[in-house]
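Written out below as structure tokens is the structure these notes cover.
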Amino acid sequence: MLSKSSEPIDPDQVKRVLEAALLTSQDPLPLSELKRLFDDELSTDILRKFLEELREKWTKGGIELVCVASGWRFHAKLEIQEFLNKLNPQKPPRYSRAVLETLAIISYRQPVTRGDIEEIRGVSVSSPVLKVLEARGWIEAIGHRDTPGRPILYATTKSFLNDLNLRSLDELPPLEDPGLLFEQGKNMELLPITEQVSVSGISETLHPLQGLKEETS
Amino acid sequence: MSQFPNSTDTNPIANIHGEPLMELPKGLFIPPNALEVFLENFQGPLDLLLYLIRKHNLEVLDIPMAELTRQYMAYIEIMRANQLELAAEYLLMTALLIEIKSRMLLPRSTVRENEEESDPRAELVRRLLEYEQMKLAALRLNEIPQAERDFTLVQVLIEQTVVKQLPEVNVHDLRNAWLTLVARAQANRHHRVTRAELSVREHMSRIMRNLRGHEFIEFYELFGPSIRVAEVVVIFLALLELVREGLVEITQSQSIGIIYVKSIDFLNAV
Amino acid sequence: MLSKSSEPIDPDQVKRVLEAALLTSQDPLPLSELKRLFDDELSTDILRKFLEELREKWTKGGIELVCVASGWRFHAKLEIQEFLNKLNPQKPPRYSRAVLETLAIISYRQPVTRGDIEEIRGVSVSSPVLKVLEARGWIEAIGHRDTPGRPILYATTKSFLNDLNLRSLDELPPLEDPGLLFEQGKNMELLPITEQVSVSGISETLHPLQGLKEETS
């Protein structure tokens, strides 16, 4: 075997082992680690030579061997990346219901305080929800309401209008008269809670709990 | 692991070939923890029985029940003598073995009355064989090379060159979100009026009132339809408070099963 | 570019992309996924041919291309693994007999409930045993049996087959004929003790302690 010092080292075997180690390692491997593969019987120079040969061998492949700060590792070449991206087409993420509702309230009722939002939504509004929208540059603090505690007033930004292709807030879709919502079975798909108002039973009473889960996400 | 000394004056316990079990010697030379470890080696009564059958070359398809029962009992006795906590399954098996043994002693005519009654050992044999089959399968399964344990998977880095995408929102999303809010507000209008009155004490009384005249109510019944989150929390707190004060008892017979709330008063009255 | 149907397909480029995709993927890649690399312009037969060529190419390397239940993937060859182990001497623990027997029962008798497993093993199955297998991604709840209590039905996953280098459950070792299990001198490894001395006495019952080291852990 390779590790026995009495036997001559087989260069092909060394390269096979080096290559397998680098292909299977999660992290870059420093020379000190790579040496341990061979019980420290190979000198740094010899290892480096083999690594250079490996690098050379892979220059025509879809992945390449590079030496980074913490050691050697393989990574996918940039020009292959576009193919690999086809495997994992990134679906655009979606905002949670909490974020969307908060944004809707701020859009239609601005300027509003956090308390206003909580009042309308019936649940507390967590800081991350507002932070997400602030970080996106869609809402901003525009002042304080002159009530005890002087709560921050939020409003939407120009950037919000730009990103939604609106010239002004007037172009937001008009809201229907809430009174109409409960007649003629209109917009029923929007009403997860009210649809079985008159039915009593377990399924229905579970709804508030389900709502809770979504809110806290 | 060190060898245990062979105590010369120890009487045979786990007996071989028909020799009856002698009385358990008082000074058994088994460190109780060693015995415990030995017994932990068995996965249960079936495993122990299979061990005995193999060790004593008993015929599995024609089990000498007297012999097997004696062997088995010997181990149970050792366990008991050493005051090891005995899993219920072991005792259950004792009962089963004795039952089979006694059924085999019944006169044949009685057996024939039940049509062609099968061998009382049949079910035990079936279970022993099935378990032995699975034990062997487990061994073979464990011999198959396993990812991570026996071989490493290849994992080459792809750098995340793609900029993290931000969620898209359009005006319809906004409108729908708003309509949902409005709808919810409507549905909750009735409750909103009483919002200021939400208190834990009040809901404790309400739960107790609900329980009056009932043996129990289901947990979910406590939460009416279209209830708001704040109210869920208050009702839950009220329930916890009632439990703490020993006024109700909460039971659930199986995980994810229905939770029942019982009034202690009712329990006492019955 | 390769993806444009007007241009002829460059076999070297196809193999480069296939290889890079397989080397960088976390999970085995099925043919359907691999096709997407080339905008579904390559037939299954052609892809299979390239995959075979890739497999052939790597037979002399330290890693090998295999086809498992969920698709194709690379892994380190067993004979190279002993070198790689020097980098990570810590191996995942071996499973206890309780876990292995439970896994065997689920593998060969699926779908089964916890009660089924207990019936076969003759002892209760503790939750951690099932949790270990679920956490490993080897078993999953696939539904409920329609009996009182609606017990959960368990089955093995594709990931289980993948990790054992199997393409389907048919490739599991066949079950031993029950009638032959106890033939003279057969399957002696099932004895918790290795020696079958016919000496009577307590000392004998203690021998299993030697076998213990392998069993637990």
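Residue numbering begins at 1 within each chain, and the chains themselves are lettered A, B and C in the order written.
Simple rule for what comes next: contacts are C-beta pairs under 8 Å (C-beta built on N, C-alpha and C of every residue); 3 or more make two chains touch, one makes a residue touch a chain.
Worth saying up front: this structure is predicted, and the values here are computed from it rather than measured.
Using the mean of the Cα atoms as each chain's centre, the chain most removed from chain C is A. Of all chain pairs, the one joined by the greatest number of contacting C-beta pairs is B-C. Here the CA centre of chain A is 39 Å from the CA centre of chain B.
Once the centre of each chain is set as its mean CA position, chain A and chain C turn out to be 31 Å apart. Mean C-alpha positions place chain B and chain C at a centre distance of 26 Å.
Touching of two or more other chains is recorded for residues 20, 23-24, 63, 74-77, 84 of chain C. Touching two or more other chains at once are residues 152-158 of chain B. Against chain B, the residues of chain A that register as touching in their complex are 23-26, 63, 73-76, 78, 81, 84-85, 90, 92-95, 97, 100-101, 103-105, 107-108, 120-123, 136, 163-164, 166, 171-173, 175-176, 178, 181-182, 187, 190-194, 196-197, 199-200, 202, 204-209, 211-212, 215. Residues 2, 16-17, 19-21, 23-25, 29, 33, 36-39, 60-63, 74, 76-77, 80, 83-84, 86-87 of chain A are the ones touching chain C in the complex.
Residues 152-159, 161-162, 165-188, 218, 220-221, 223-232 of chain B are the ones touching chain A in the complex. Across the interface of their complex, chain C is touched by residues 1, 4, 6-7, 10, 12-16, 19, 28-30, 34-35, 37-38, 40-47, 50-51, 53-55, 60-61, 75, 78, 87, 89, 93, 127, 129-142, 144-158, 254 of chain B.
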